[in-house]
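Same chain, two partners: chain A is paired with chain B first, then with chain C.
And then the complex of A and B:
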């Protein structure tokens, strides 16, 4: 399989282990990633706050570049990126009168032919192969955390169930993990308030961490860099808010799958987390 | 929805401008309160989303002004829980985006929006000049704009050790194109 790849900015910096683990896992599964050349930021959670047209033009440039490279499908592992790309694509479909202005801004033709997929969709296609190649089952209890942007708004993302999604749970079961019953699957972590309103992030993410532990989870599994950085980089603030030391690690789904495939924890970027990925008995994790 | 929605037709009301710009009809909201019930930050808002809509439905200048000046619109995380659960499929975060823009345009934005705005402006500046988000630059720029110089000074060295802080920006090749893109969109207003 060959697929276009849009890593996005977080995957070059604060969430580079998501990029590393995505590349490592897909390589192990013989998927060739073709990175979109000279890609730009999608505008994430900022552009739409300040200017609607900008929030469409930024993703449109990425999609137009992918079209020019002859790509028909691109994987955007970051949930915020895939959400913004899908939003822009649909806005332009719904409002063709905007197209001329957008094409003028991006200085390229835009056809809207590229299919945008998230990491869970790609892993799901490879589920049988992953199950067959699993050498070290991830025999842990896990809380599958989808967050907001993978499943909402349903009319934009059209992916899984918006209230009780199942795709990540299925993948985790395929690699030997046991997802716990967890009502926080799609609750918000505080998203882009990480820097400006850390108090809100501590509270919202704190509730998630507390309940995941209460339900016996050994790890919280995520597929979004913002969710991960709030649960991992902001753990000190979370623990201060909760007045307790919670040590449950937050892991990317690609890291969990990678461990199950027997890949080197370092190649999966496990050493980059603030909250160490350590369990009472180890499952393919050597520290 | 022609009956009982007289407020939709007064061109000087915020409700009318919302509809013109976003296509969302505020008259569709029948005040079930589901949006506020599911909103993760409703408890922090001076005015939860359903109340914002109720105020706008009146179409009265003094209520429009209270909405434009409230803090709640700046706390919306765009998590889309409200719009997903809304029985009338009102696209609430889209309305919030527009109202925030109007609050800025009319110089009525709540004073506590300053930090949040500083962050978004720093974010967009970073993209405009480099094409990609430069996280170190973003945080530095935010500190200067918000004057919160000591925020997260302890976190940065830890992130550096973990290889999570690139000290140099990632520059795209077509930076001229990026400037042009900004000029043609946000730079027009």
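And then the complex of A and C:
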């Protein structure tokens, strides 16, 4: 399988391990990633509140570049990136009258032929292969955390159930983990307040960490760099807010799959986490 | 030569503002055959009609063309007036100058010319009209009521007490419907079973009522006064005449763990069962999906136990065809299930229940004998949250309409809970309180003021389970949208009222219209609320729209009055617009050659074979004959006939060609 790849800024910076583990896992599964050349910012959380046209032009340029490279599909592991790409694509589909202005701004033609997929969709396609290649089942209880952007707004992302999604749980079961029944799969982690209002993040993400532990999870598994930052990078603030030392690691789904495939933890970037990926004992909960 | 009168109507401004009616009336005087042509402001008014009648007499007219609105609007009016003036009503035709001309064109000479042309066409038709006579058909004075809930029972009793026969068809093993499942009823809190079961018995024992339970309507043919209804009597797998209803088979059935429909899945029943102890008739049925014998070929315990040898494992479904004069639909509703709500856990929490399940928990005949126990662990719930408008008035995820009964039953539920658990806390999340009805608002105030039910105006965004409690996260919009979190032991969703399963299929079987939600459509929302657009078929209760018991019963009596009114006629009159196969003198007899292609084409099974016999009794030929009682005048056979032997009365080929040739 050959698939386009749009890492976005987070995967080059604060979430390098998401990029590393994605590349490592897909390589192990014989998937060729073709990075979109000369890619730019997707607009992230800023563009769409400042300038509507800009918020469409930025993702449109990325999609147009992918078209030029002859790609039919691109993987955007970051939930915010894939959300912005999908939003822009649908907006242009709904409002073809905007197209001329956008093409002028990005100085290239845009056709809208590229399909945008997230990491869970790609892994799901490879589920049988992953199960077959699993050498070290991840025999832990896990809380699968989807956050908001992966499944919402439902009409834009059109992926999984917006309340109580299941795709990550299915993948985790395939590699030997036991997902806990968890009501907070899509609760807010505090998102971009990570930078400006860490107190709010401590409160919101704290609720997630506390409840995941209470429900017996050994790890929180995520598929979004922002979620990961709040649950991992801001753990000190969380623990201070909750007045307790929570050591439950937050891991990317690609890291969990990588470990199950027997890949080197270092190649998966596990050493980059603020909360060490360590488990008190091998729970062996897989029934 | 014909003597035809033309009467052009201005319809106030409707025609007069666009068409020069005075000029039209003048132009019509020149049409051959027209001996009288006038115009008037309102032809349909009393002076207008009188003018026409006087002209018919004065000028000895033998045909009339009224140039006015659509014949759908006033053809019966003018035909009646023409008939009263002494000519055959079917010699009166209408030229539609309003819908076909003035409403769709600008004012101008061309429009006036078109109006005159339309009249010219109709004059040509009238010249070829034959006097016709209405068809009289007999009325079968037996009604069928479909659905044996409180609405159906009321209709059946009212018609039966009016002296007519009624067949009451119910798909489940017992009559009683949803009302038999209810604990107590608003706004009086009287026991539902206590007021309903005597009526069920009355219906069963009434000499004019035939009960057909565990039966479904499969096919409906015919028309008002003369329906032929085929009913499938599903096999109960027992001889109802021999069964005494002793219940021994139920006691001994080894298969006891089947989810009980009557208790909304909160209790269990056996494979041979009656839905509830007060069932009418009190005769069990065998549930084929769950019976051990039908699954494995072994068991037959019930057969061994039955003291009267009534069990019949080889019994088959039976198809019964009945002659019926009028049909009343009273098929009721269903509730949206709790698994339709993602934010409330897709139905995975046992303690999130719907309104009907709460009724069973509160009912003395329910699985807990009326003691408040929550389904998951049987504990008495200390805090209960009721959520109104679950799925109703929700354009995004549910239905846009108001389910009407929920405000009242939610107040009742909260009240019943507080009466049973004095120390308990009851919360109601609501959008608006719609308590319009006699003593209804007082009832809701009583729940709030006397029983201290906490009403919170706002929606619930999420419910999740934590430490055996259900965490209800809502908002209080009267407190500025303050978030409200309640740790509840049980949550009751007042889920939306929906049309019953298979109601669309049934509507198609009966040829009645239905709305996009599957509710049956009334003929007129205000003036004909219990009639459908199909003559002879009436509506009662929640199959038309969400309804409570008082409204259902009132509508049921209304429908019964319509049926009794229909049955007060000896004969019904039908329009003679039917197809006829020509008959001629011997030796030709008819241009029909007896190919019977028309028989297959007729959608109403109205075409029969008629043998023409010689005096000796020998069959000379077999010809098509159309039953005027069944023919609906659609004209399909006319188009199908290879020898042009069939003509539609009132719209004969000759008439149509005459109309076309004059243009």
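Methods note: the second predicted complex is superposed on the first by the 281 of 287 C-alpha atoms of A that agree within 3 Å, B and C clash if a C-alpha of one lies under 4 Å from a C-alpha of the other, contacts with A are read in each partner's own complex, and residues count from 1 in each chain.
We adopt the following convention: a contact is a pair of C-beta atoms (placed from the backbone, for glycine too) under 8 Å apart; a residue touches a chain by one contact, two chains touch by 3 or more.
Owing to the predicted nature of the structure, the values given are computational and were not obtained by experimental measurement.
Residue contacts after overlaying the shared chain place A:276 against neither chain B nor chain C. By the touch criterion stated above, A:162 is placed in contact with chain B and with chain C alike. A count of residues in chain A touched by chain B and by chain C gives the higher number to B. By the document's definition of touching, of the two partners only chain B reaches A:153; chain C does not.
In the superposed pair of complexes, A:216 makes contact with neither chain B nor chain C. Once the two complexes are overlaid on the shared chain, A:190 sits against chain B while remaining clear of chain C. When the two structures are aligned on the shared chain, A:109 is found in touch with neither chain B nor chain C.
Looking at chain A, you'll find residues 162-163 touch chain B in one structure and chain C in the other. Remark: chain A residues 161-164, 183-184, 211 touch chain C in the complex.
If you check the complex, the residues on chain C that touch chain A are 342-343, 345-346, 462, 464-466, 471.
Listed in rising order, the residues of chain B touching chain A in the complex are 21, 40-41, 44, 75, 77-81, 83-84, 89, 91, 97-98, 100-101, 115-116, 118-121, 123-124, 126-127, 131-133, 135, 139, 142, 146, 151-152, 155, 158-159, 162-166, 170, 172-174, 177-178, 180-182, 184-186, 188-189.
Interface of chain A with chain B (complex): residues 9-10, 12-16, 38-41, 43-54, 57-58, 61, 101, 104-107, 148, 152-155, 162-163, 186-188, 190-193, 195-197, 200, 204, 233, 271-274.
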